[in-house]
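Next up: some structures, all given as structure tokens.
Both complexes below contain subunit A, partnered by subunit B and then by subunit C.
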Partner chain A sequence: MAPVFFFLAALGALSGAIGVVMLRNPFYSVLALVFHLISLAALFLLLRAEFVAAAQVIVYAGAVMVLYVFVVAYVGSGEELTSGGGLRVLGPVFALVLAIELCIAMLGSALKGISGKGAPYIPGFGSPRHIGTLFLTKYLFPFEVASLLLLVAAIGAVVLARRRRGLEADPEYQARLHKPVSHLAGSMAESVGARRDR
Partner chain B sequence: MTPFGIVGYYELWWVAILKALVIFGLAFAILPLLTVYERKLLGRFQGRYGPNRVGPYGLMQPLAEILKFATKEGFRPTTSVAYMFRLAPVIAILTAVGALALIPFGDVQHIFGERVGLYGIDVSVGPLYVFALAGISFYGIMLGGWASGSKYSFLGAMRGAAQLISYEVSQGLALVGVVMTAGTLSLTGIVHAQLGMWYIVPQFVGFLVFLAASFAETNRAPFDLVEADAELVAGYFTEYGGTPFVAYLFAEYMNMMVVSGIAVTMFLGGWLLPFGIHPPGWVDPIVVFAKMMIFITFFIWIRATLPRLRYDQLMSFGWKVLLPLATLNVLVTAILVVS
Partner chain C sequence: MAIGWYLVVSALIFVIGAAGVLTRRNPLVILLCLELMLNAANLALVAFARLHGREDGQIFALIVLVVAACEVTVGLGLIVAMYRRGLPIDVDELNELNG
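Up next is the complex of A and B:
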């Protein structure tokens, strides 16, 4: 059962990742990324990391990607994105460098694990309680730094939006919004002309 | 292999399959009755009878309607995306049914010498699993609206996305207080922790926030801007007819049941009865279901009572009222639990 589950999830993750890069329509790209993330969550489940799997789906598939879909659907998914000249050269270079790095990492450590039995499962490992304890003891500093980073990003987003006059009130629009209207407007009294505007 | 395994005992595989079938069958037997119940109740609220022609008290009404829906021609707009148009309602109903597996309808029972928990699965991450499925169910709404290729559907779906993201945060935070007090994420564990006092008493603020956010999460009135019929015809399922439409309809009712079940489990003590009454095990599901019906009736009552909010009111209510309240609740609870 577990191998079947693993190969299904792995195939899903791979096909999703390939779809993100290969699909021309940004909307489908985003959906492929969602599929990839959900498949990754299934792989996490196989590793008994239930909390990580749930967090992965809630945070990435449920919140971040919904925003992506939102933006892509609004901005228009019809036209294809044009790739810049610089990226055309740099892209493969980066891909090659990443591939070499991954190969080094895999040949260096992961191949040794193939013949082994793998890490033993300790009951309670990966449970929310376990992860929470680690966050507040061993990994307190990285945890706090990461949350600070997210805070900076959030404030930065607000500042950027403000600078483009995104959050300031448009006076013309405000004037239209608060146009003085008779309190009888739209009522039967107005239609029969019973009372004029005050 | 038990990926969701903190079940404290060995459960036979056929027991798991049987449980899944029973929960699935019962849920889909109750859903049509819920639609009649809602229409009857709405009718009464508005001073009319509601459906009363088909069968006794109009109870066979959903059967007639399902026959009608099932025999309809499956059509779609020319601008729609074919496979996604068909896939979206499936996602909606799949995630709704999946979340139902979490609701504990009773304690572990001894049936024919086997230990059987009266719930689908007991997950160590409990409510997070429900939120994960709710996260995926966004795509049912969004893809449905997007793939329809119609402006009304698209606007409904986009509203839905914004609304669901906004209220999911408050809904989740409202439950954090309960989880902190109980000290476990397992839903059965939370029910056991409420043996002395139901969490609706110490976590009343959390309960209110959860209830308000649930209305938005299930797209029910007064937060049903996703399907605001005055502006958007029917929102994301405007272009749907026949069985895909029924899938969306049932998904909404199923979500209502799931949310009621979570509320019962987290705040109303699940299968526990007050005043130290301990009925035999087979009463548990009836107790849970009776409590769920209270919430469902409340949902319907609110639909008949309150008018729909304006969109900016919806957003400011979610972000400026519910979220600070939920955060404050978590903060106070944390201080009380630690001290």
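Up next is the complex of A and C:
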């Protein structure tokens, strides 16, 4: 049964990945990535990584993709112009060469380990309990660094995306700056209404 | 299933992501393709964790997940800032650093 699930999930992950690259509309690319991530979570489950699979679905397919959808909706998913630059041709060629090289490296290698099914399964492998124990003992420092990184990224995003006066070309603000004013503007005569300019 | 097949899937996803980064022009889609590459690395890490029967690889995968989330946040912030300033959302057009 496991091979069937593996091929279904692998097919889903690969088709989702191709969809991300091929679809012209960024909105559909985001939806293809959601499909890819869910298929990838199924592959993680087959590899007995329950917690990673759950985190993948909740954090990625849930939170990060919602952020993407909002930004695509805000920026507008305009159709992309295709150009005939040199990189448009060289990119796929480079990717194909890399794919062939990686497949030769893995399938043609004499490594005994990767043709086996891996270490015998111990109950509890990849469960939140084990992962949490590792995070709070052996990998405590990376855990804390990751939390600091999240804080820095959150503050950085707010600073980057906030509305800044002076940087953007706001026509209303510009018009207000160059409005012609009479020489009596701001004087007491104007404020009491005794003298209006023309 | 042999672990090698998971590695092959991971390699293919990585290559598709690399091709996308090289060929697409919309920075939003380039970010999505970077996600693909990071996910391919994640799949390889989890596969090796299974191979050795230790959970350290899964810890690495979770850290990669965190780094990817940070990268997305900052990248999307940059794109929103570009849009606010009326710049074209196209990496070929944006070829100079200009505060």
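Just a few scattered comments:
Simple rule for what comes next: the second predicted complex is superposed on the first by the 124 of 198 C-alpha atoms of A that agree within 3 Å, B and C clash if a C-alpha of one lies under 4 Å from a C-alpha of the other, contacts with A are read in each partner's own complex, and residues count from 1 in each chain.
Assume a contact is a pair of C-beta atoms (placed from the backbone, for glycine too) under 8 Å apart; a residue touches a chain by one contact, two chains touch by 3 or more.
The shown structure was predicted, so the numbers you read here are calculated from the model rather than taken from an experiment.
After overlaying the two complexes on the shared chain, residue contacts for A:A2 are found with subunit B and with subunit C alike. Set against each other, subunit B and subunit C touch different numbers of residues in subunit A, with C touching more. In the superposition on chain A, A:Y74 makes contact with both subunit B and subunit C.
Judged by the touch definition given at the top, the superposed model places A:P142 against subunit C, while subunit B stays out of reach. By the touch criterion defined above, A:F94 reaches subunit C but does not reach subunit B.
Contacts of A:A55 after superposition on the shared chain: both subunit B and subunit C are touched. In the superposition on chain A, A:L46 makes contact with both subunit B and subunit C. Common to the subunit B and subunit C interfaces on subunit A are residues 2, 46, 48, 51, 55, 63, 67, 74. Those residues of subunit A lying in contact with subunit B across their complex are 1-2, 5, 27, 31, 34, 38, 41, 45-46, 48, 50-51, 53-55, 57-58, 61-63, 66-67, 69-70, 73-74, 127-128. Within the complex formed with subunit A, the subunit C residues making contact are 1-9, 11-20, 22-26, 28-29, 31-33, 35-36, 39, 42-43, 46-47, 49-56, 58-59, 61-63, 65-74, 76-81, 83-86, 89-90, 92. For subunit B in complex with subunit A, the residues that touch the partner chain are 1, 3-6, 123-125, 128-129, 131-132, 134-136, 138-139, 142-143, 146, 154, 157-158, 161-162, 164-165, 168, 185. Every residue of subunit A that touches subunit C in the complex is listed here, in rising order: 2-3, 6, 10, 13-14, 17-18, 20-21, 26, 29-30, 33, 36-37, 40, 43-44, 46-49, 51-52, 55-56, 59-60, 63-64, 67-68, 71-72, 74-75, 78, 80-81, 83, 85, 87-88, 90-92, 94-96, 98-99, 102-103, 106-107, 113-120, 122, 125-126, 130-131, 134-135, 138-139, 142, 146, 149-150, 152-154, 156-161, 163, 167-169.
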